[in-house]
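What follows is a group of structures, each given as structure tokens.
Next come two complexes built around chain A: one with chain B, the other with chain C.
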Partner chain A sequence: MVVLILKLYVLLVVLIMAIYATRHYRFTVNRLVGEQRLYYQDLIDSELPRISVLVPMHDEEKVARQSLEAILRCEYPRELLEIIPINDHSTDRTAAILDEMAAGHDVIKPLHRHEGQRGKPAALNDALLVAFADVIIVFDADYLPARGSLRDLAISFKDPEVGAVMGRVVPVNTRANLLTRLLDLERSGGYQVDQQARHNLHLMPQYGGTVGGFRRDLALSFGGFDQRVLAEDTDLTYRLFINGWKVVYANRVECFEEVPETWEVRSRQIRRWSRGHNYVMFKHFGGLLRSPYLTRAEKLDGLLLLTIYLVPVFLLTGILDSVALFFLGEMQIIDSVLVFLFVATYNSFGNFAPFYQIGTASLLDGVTHRIRLLPFLMFYFLMNIWTITHGFFQALGDRFWRRKRAEWDKTKRFRKEAPV
Partner chain B sequence: MKRRLAGLALLPATAVTAGAATHTLSVEAALLLVAFGLLIVLPFVPGLIEVWRPRDRYPLPVDMNYTKDPRYLGRSARALLAAALRDDQGPPGRRTVTLSKVEAVEVHDRLDVSAGANLTAIQLARGAMVVGDRATCDRDIYARAGARIGEGAVLRSLACDGRAALGRGVTIARWLDVEGDAHVGPQSDLGASAAAAGFLELADGVTFERLWGSPVRTTGYLGPRELPAAPAPFALPDVLEIRDIEDLASLHRGDLVVGPGETFDRPLVVKGDLRIETDAVVDRTVKVYGDLTLEPGARLLGDAFVEGAVIVGEGAAVRGCVFSQDSVELRRGARVGTPGLVKTVVGKHSVTLAGDVAVHGYVLTDGRGSVRCRGSD
Partner chain C sequence: MKDRIHFHRAYKRLGPVNRLSLAALLLLVLALDAAIAWFHAPLLDAFVTRVAALAAWVGVRTDLTHWEFLPVWVTRMPVLDAVGAFPSRRLALITFIASVLIVVVLPRLRFVPKVLRVYAVFLSLLNLISGAFFVLVPHLFPYDVLDFSLLYMGTQFGMWLLMPVVMGVALSPLQTPVWERFAVILATLGYAILFGAVRYACFLYLLQKLTVLHMAAMFFALGPLIDFVYLVAIYSVYMNVVALRLRERPETWRWSF
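Moving on to the complex of A and B:
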């Protein structure tokens, strides 16, 4: 009986891998030869919405000034714009930098937080209460938007169904080391192919929490950001879709970010994402399936996106399962091709889909030499299996113990000088 | 194990002695290991070379100064030429300047190009410019006063600081940028972009991709038309108890027909086709998953975001932008936008304009844009 269960589990894992492989293949084909839906960046309209730009910051003295200067360079009518950098319990010079910047620019209105819970969701919640605009645009502290970014993001809210918008993130510190180059490849696949294809196919593009925006009233109507959630962006994405709103993806709105330069920092970051994303999975699984506003295709895509940080857990347990079967002498019953299949499927087409999505993204971006690094993603992939699984069990603990708050693990900055 | 390896040997196992077999097997095993090792390492070799001697380690290029400007091409060309010539007040004649590459510039006080002439250098006219019929120029032309382009002329691009008049069948390969008003003759092709600070008037048979004008209008234009009072732009209700989309936007599943006298107090999302009947007024923005049709005389006072095709019927008007993932057809007398406000018409696959049409702002298509004053209306 136990052996039968173990064998069935291996087959289940193979099936899951095949489903994700099909999904990524579909996205890749769409980007290469499919119909591409336009985003709203070409709309020129003299009636723009008022916007509040929020920039959560905790100990961001290395990047705060450059980020705010980049936002100030953006073209947007000043009477319709306010910039709220949120000093979230900083202990370095962040507060002083924000006050200096505010003294020289009326549109900068710092919000200093010294009490209450630290973390992005709590910081955003406080800022939402003082923001003057209907449309909220969010940048992380290390982000450097281009001059047209604010207009190109804000224009999407003319569409009455758009609840949130997401731009494209481009790593700026690719020259640092192999890890940053691998993260650059991963980002390319994730945005240039995955997000754009979901936009094209009327599926569920994801609001990523930065280089993006949302309607303030909607966020407040949901009770603000859930402070138990470490993936407040994914949480908002699902709340919006489940309640009938859409998220649109703006591939042309590109913004530089700094990616982690050490494996340790990256590992902590992805563990936090996994913990947050899996918490959201527990939270919205039922609501997604029951929503009267979503099509079947949206629900299926939403489900696959919702469980994407569960896949490495399946894979790891599937590998352990197959090892157990091997030592039980039962592997000859399961066709070994299947075992090969699920490993190869994931490596080739699965969650990180290097040879499909990332290769295609590099092709579309017109950069070719960097695809030589694709095999190195294998090491990155091995790290991810472990850290994501760890994050999953943390999320399980959060859910089981009904934790009311989660500790926010800030990503370390590496910037030494202005990158652009 | 030895038996299994022997089975892999190229020589038949029976053809070798025991000692020779051991030797052969060890060589084979070593070769196998080397081959296996190579297969493991080989995929990493190009990557190792890239890590060792990087050729592609820079970030993806993001233009930090990019902003949407429909007149970018003309402005940028003028700025480049001005920088290269450094306020050259010298006598007319030929100069050599460095732009993106070394180019010849012919400077004229007034430029008269004879019919059928072929120009191969950049042309700068400090005064007016007249290009004769069927003349060609495969470099940019810049006139600091008005310009008249003869029938059948073929130009790469044209910047003009005064008024411009293009004759019948003119072809602009890349862009046209005019500081004043512009008239474009029948059957002309405006290339990738045509912009005018004043009005941009297009005759029958003109083809285009991007148009900018105040307004863009077609032959037979009869002037602006009054629209009913517009709603406050982009006003979301100040209600924080909203829970779902129906609190902020009316959602209608299936097709919908709006007749005269029907009103909406919030934006409208229609999951099918939407038809606004003759003389009916929709005073909010609409999002339509099917096709949108405004019957003759209908009014839409907000924007239109449409997944299917859009038809704005005779004399119908849209106060806001028209955005279609398919096509847009503006029939005779249709209006988009109002004087003093900039609005946009986007039709991904095509935009078709009939006679007496005006768009206050920007018109764009990734497919074919055309003016059909006869037949379609």
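Moving on to the complex of A and C:
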């Protein structure tokens, strides 16, 4: 009986993997050969909305100046723009850099936080209260937007259905090492194919918390960002969709970011995402299914997106299950072929984007020789499973113990420029 | 001044998939799988005979035998049996202790990239369980070389059937000539057979000359996992070729709709 249950569980894991592999295959085909749904960048409108650009920063002396200078270079009427860099409990020179930049530019209005909870949701909540605009654009501290980014992001809010917008993230330090090259491939698959296909298919593109924007009144009507959540972006995405709003994806709006250059930092980042995302899963699972505003396709896509960080947990237990079957002498041919199947299907989905999705994205991006690094994504295989599972159990703990606040783990920066 | 402005990457795409070529690819993959299934007996026999020769070349004595009871349509699976090196209790104990040490100490060695640490701990856990088996209940260890061979051959044959399908699906949205994509599928299959033979001979060598203690680690670390790596590697090389070709032919790209 135990052996039968173990074998059935292997089958269940393969089935789950196959569902995701099929979903991503559909996205790949749609993006490569299907009709593409354009974004609003061609809208010519003389009345651009007022915008507040929020940039949460905690100990960001390495990147703060560059990031603000890039935002300042963006083309947007100055009378409609304010930039609020949020100094969130920094202990390095971040505060001094922000004050220095503010002295030279009227549009920069730093917000210094020394009290209350540290972390992006709390920082954004404070900034929402002082922001002068109805449209909020958010960049992380290491982001370097292109000149047209602000206009292109803000214009989407001319559509009254749009609650949030998301642009494309492109690594700036791709050539640093193998990891950054792999992350570049992964990002390419995630944005060029995954997000754009979901936009094309009227499913659920995700607001990613940076290079994006949302309506201030909506965020405030939801009670601001939930400070218990480490994935405030996913939380907002689901709140919007569940309440009848849309999130649109702007593939044309590209913004450079710094990706982690060490496996340790990358691992911590994924664990934080997993913890936050899984917390959001517990929070919105029922609401998503009950929402009267969503189509069946949106609900299905939303469900698969919501549970995406749960799949590695299934896979890890599936591998342990296979090991148990092996040592029980029950690993027969069919089971061992299934092991291949779930390795294959996991790699068809497990590195956040399957190999054929990344290959297709690279083709669309005009990448050539770097595509040959694809097999190295296998390096991620076990690390991702382990890290994401760890994050899942942390989320479970957060939910079970009803933790009021989540510890924010800042991503280490690698930029070489010395602080001025 | 540029004399030509290409489509921006954000919304460019290829033209619709030609249904005829898609159907042709599908038929070729099905025909290939049908051929493997139909000719499985001579194919498997030839494979095992060559592995036996390879094993003999490195000094491993094997006996060719056929497994009869398989429940599916592969009724006679040829496998190689050999005398495995049963580990002494001392070796098993050393393996067990070494594995425990790795599992406990390695996660704390921050200078080792995490990606390698996780992999090494996983392998050590497998060796830890195997070591414990051979220390405590050696007679209950569920595999000998024959069992392992049967598992290996079964998995290998499963791969031969699955690989064309996985690769065919991955290549299906491309618009390169069908024969070219089918050649990639054949190359993957050919590599799988070649690599599978060399790996089988290596496994037999390790099991006979070293110990059967590491069977689990061999299967989980160098089995299906590695098969997938070279499948993706071949796919990536082909995609690189396609990408270079498309760079020379920008007119292939279309805009949005």
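Definition applied: the second predicted complex is superposed on the first by the 405 of 420 C-alpha atoms of A that agree within 3 Å, B and C clash if a C-alpha of one lies under 4 Å from a C-alpha of the other, contacts with A are read in each partner's own complex, and residues count from 1 in each chain.
We take it that a contact is a pair of C-beta atoms (placed from the backbone, for glycine too) under 8 Å apart; a residue touches a chain by one contact, two chains touch by 3 or more.
Everything numeric here is computed off the predicted structure, so don't read it as measured data.
Steric overlap between chain B and chain C is present once the structures are superposed on chain A. Of the two partner chains, chain B is the only one touched by A:160; chain C is not. Touch criterion met: A:244 reaches chain B, while chain C stays clear of it.
Using the contact criterion defined above for the overlaid structures, shared-chain residue A:360 touches chain C, although it does not reach chain B. Of the two partner chains placed by superposition, A:102 touches none, neither chain B nor chain C.
In the superposed model, A:372 makes contact with both chain B and chain C.
In the overlay built on the shared chain, the residue A:170 is in contact with chain B alone; chain C does not reach it. Of the two partner chains, neither chain B nor chain C is touched by A:19. In the superposition on chain A, contact is made by A:38 with both chain B and chain C. Chain A residues 38, 254, 365, 367-369, 372-375 lie at the interface with chain B in one structure and with chain C in the other. On chain A, the positions that touch chain C within their shared complex are 25, 28-29, 31-36, 38-39, 168, 192, 196, 251-252, 254, 262-264, 267, 319, 322-323, 326-329, 331-333, 336-337, 339-341, 343-344, 347, 355-356, 359-360, 362-369, 371-375, 377-383, 386.
In the complex of the two chains, the chain B residues touching chain A come out as 43-44, 46-47, 49-51, 54-60, 62-68, 70, 233-234, 236-246, 248-249, 251, 267-269, 284-287, 303, 305, 320-321, 323, 325, 341-344, 346, 348, 361-362, 364, 366.
Interface residues of chain C, counted against chain A in their complex, comprise 8-17, 70, 110, 113-115, 118-119, 122, 126, 129, 133, 142-143, 147, 150-151, 154-155, 157-159, 162, 166, 169-170, 172-175, 216, 219-220, 223-225, 227-233, 235-237, 239-240, 242-244, 246-247, 256-257.
Those residues of chain A lying in contact with chain B across their complex are 37-38, 40-49, 70, 73, 75, 134, 144, 146-148, 151-152, 157-161, 170-175, 178, 181, 184, 188, 215, 217-218, 220-221, 243-245, 254-256, 293, 365, 367-370, 372-376, 420.
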